[in-house]
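What follows is subunit A paired twice: with subunit B in the first complex and subunit C in the second.
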Partner chain A sequence: MKNSVLEIPADLNNLEVVRDFVREQVTDFALSEEALEDLILAVNEAATNVIVHGYRYKPGMIQIEIKGGLDDSLHVCIRDQAPLFDPTNIPPPDLSLPLEKRPFGGMGVHLIKTLTDEVKYCITSQGGNELTLVKKQRED
Partner chain B sequence: MDITVEQQQGRVPVTIMKLNGNLDGSNYQEVIAKGKELYTAGARYLLIDMSGVPFMGSAGLVALHNLALLMQEKQVPESEDGWSALHAASSAAEAGKQNNVKILSPQPSVDRGLERTGMKQFFDIHTDLEAAVSSF
Partner chain C sequence: MKITESTQDNIRIFRPQGRVDSEGAVDLEITLQEAFEAGSHHMILDLSQVTYINSAGLRILAARLTQNQGSGGDLLVASPSQKIRRVFQIIGFDRFFRLFDSVESAVQAF
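Here is the complex of A and B:
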């Protein structure tokens, strides 16, 4: 599987484009439908966080690179130039809280972590954020 | 997001809100706005038909959370609902569920999202419309 890149304005209306891109590019990779849906949801959440919490709805770009064939793993890198922020340090939400005491939101990073095999953060050479989601290939 | 609404009478009047399309950060506020509109019009028992939602992001969870709290606000069983409504509310509370918003026929990926975020414990989930309406 060759690497593929999508560069797109940070706009919530582009989330569908992001999801379609992941689905189309990952087709050749041996993921079950459930694992593919998990990955798509994880990337959707990462892109949403960049738009809402990173750029705070202001104009910016998101780059998504999909790299396959690395140690039988799929790597999806989400890059942006929003203020630096490492979401991997966010503590997990308290899922035991009753509905009325739960904060609205806050599930995005939890989903990213639980739906992928590994989440890595680094600062790019251009000084931006790079979040890498790793999904392992299905073992048949 | 295409949203259609219909009413059915069970033990209580049930508002059925059918969502069609992917539910994500771009449109979850439409769902909340429709819920507020229905609440203002008197709706207190909401069945959200999610059979037409192939994808739901965490923003969709925010919408469901919001609607569940909205529909419970100042909600007191009407006298004509009798003991059955009070018992239903009581047993739902004991189980950690609320009794005002229920979900109909979520697709597997949506169901998994509810499960993984611990939100499933708060919503009765049905696969049969008639049974869902009569469960309120």
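Here is the complex of A and C:
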């Protein structure tokens, strides 16, 4: 598949554009509807984190690139210029804790990790964040 | 977000439409908070018209559940889709929220 790139202002009102972009760009990729919904939810969580925690609602840009990996997996790269932060280092939430003791931070990252096959973080050559969500192609 | 409200057996029933996420959950949070402050502590959230929920939406529901239960009430969830049930399970919130297949069965559970 050819690479596709979306670049939009970091704004919660643009999340629908992000979701539509993912849905439209992966049509030639062998994902089940359930796997596609999982991926869209994961990308939505990641983009939300950039807007809310990265840019803290201040103006900024988010770039989303969708590309096929060498092993036929699908890679969604989410790039931003917010302060550097590696969400893959966030420990998984302790699901055994009672609700009143559950820290609410990290739930989105836990969702992202659960809904995808792999999550990778790196610093871009421009010094920004790059989070890559990997979804494997359906085996059938 | 459009939210339809009704009352049955002194239970307030809320049926939001659309997405319970960072974009849509604020309206729901305000509606539930206002109902709570008006004395409604027994609530059912009918998710039959909700297409999507994320961690931000769940955070709001968790806060409402905690406050309701602290006041002797509850917040039951009715008619979630399989997709929404899965999000509850991944976050581990199916331990705290009682999920029902229909509003009627949730009403019976109070």
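Note that the second predicted complex is superposed on the first by the 137 of 140 C-alpha atoms of A that agree within 3 Å, B and C clash if a C-alpha of one lies under 4 Å from a C-alpha of the other, contacts with A are read in each partner's own complex, and residues count from 1 in each chain.
In this section, a contact is a pair of C-beta atoms (placed from the backbone, for glycine too) under 8 Å apart; a residue touches a chain by one contact, two chains touch by 3 or more.
Just so we're clear, the structure is a prediction, and the values are computed from it rather than from any experiment.
When both complexes are overlaid on subunit A, subunit B and subunit C end up clashing with each other. Looking at the superposed arrangement, the partner reaching more residues of subunit A, out of subunit B and subunit C, is B. In the superposition on chain A, A:127 contacts neither subunit B nor subunit C. By the document's definition of touching, both partners, subunit B and subunit C, reach A:99. In the superposed model, A:91 lies in contact with neither subunit B nor subunit C.
Residues 12-13, 15-16, 34, 37, 41, 44-45, 48, 51-52, 93, 95, 99-100, 102, 104, 107-108, 110-111, 114-115 of subunit A contact both subunit B in one complex and subunit C in the other.
Across the interface of their complex, subunit C is touched by residues 12-13, 15-16, 34, 37, 41, 44-45, 48, 51-52, 93, 95, 99-100, 102, 104, 107-108, 110-111, 114-115 of subunit A.
Listed in rising order, the residues of subunit B touching subunit A in the complex are 22, 24-26, 55, 57-59, 61-62, 65-66, 68-69, 96, 98, 108-109, 112-113, 116-118, 122. Residues of subunit C that touch subunit A in their complex: 21-23, 52, 54-56, 58-59, 62, 65-66, 83, 87, 90-93, 95-96. The touching residues of subunit A, when paired with subunit B in their complex, are 12-13, 15-16, 19, 34, 37-38, 40-41, 44-45, 48, 51-52, 93, 95-96, 98-100, 102, 104-105, 107-108, 110-111, 114-115.
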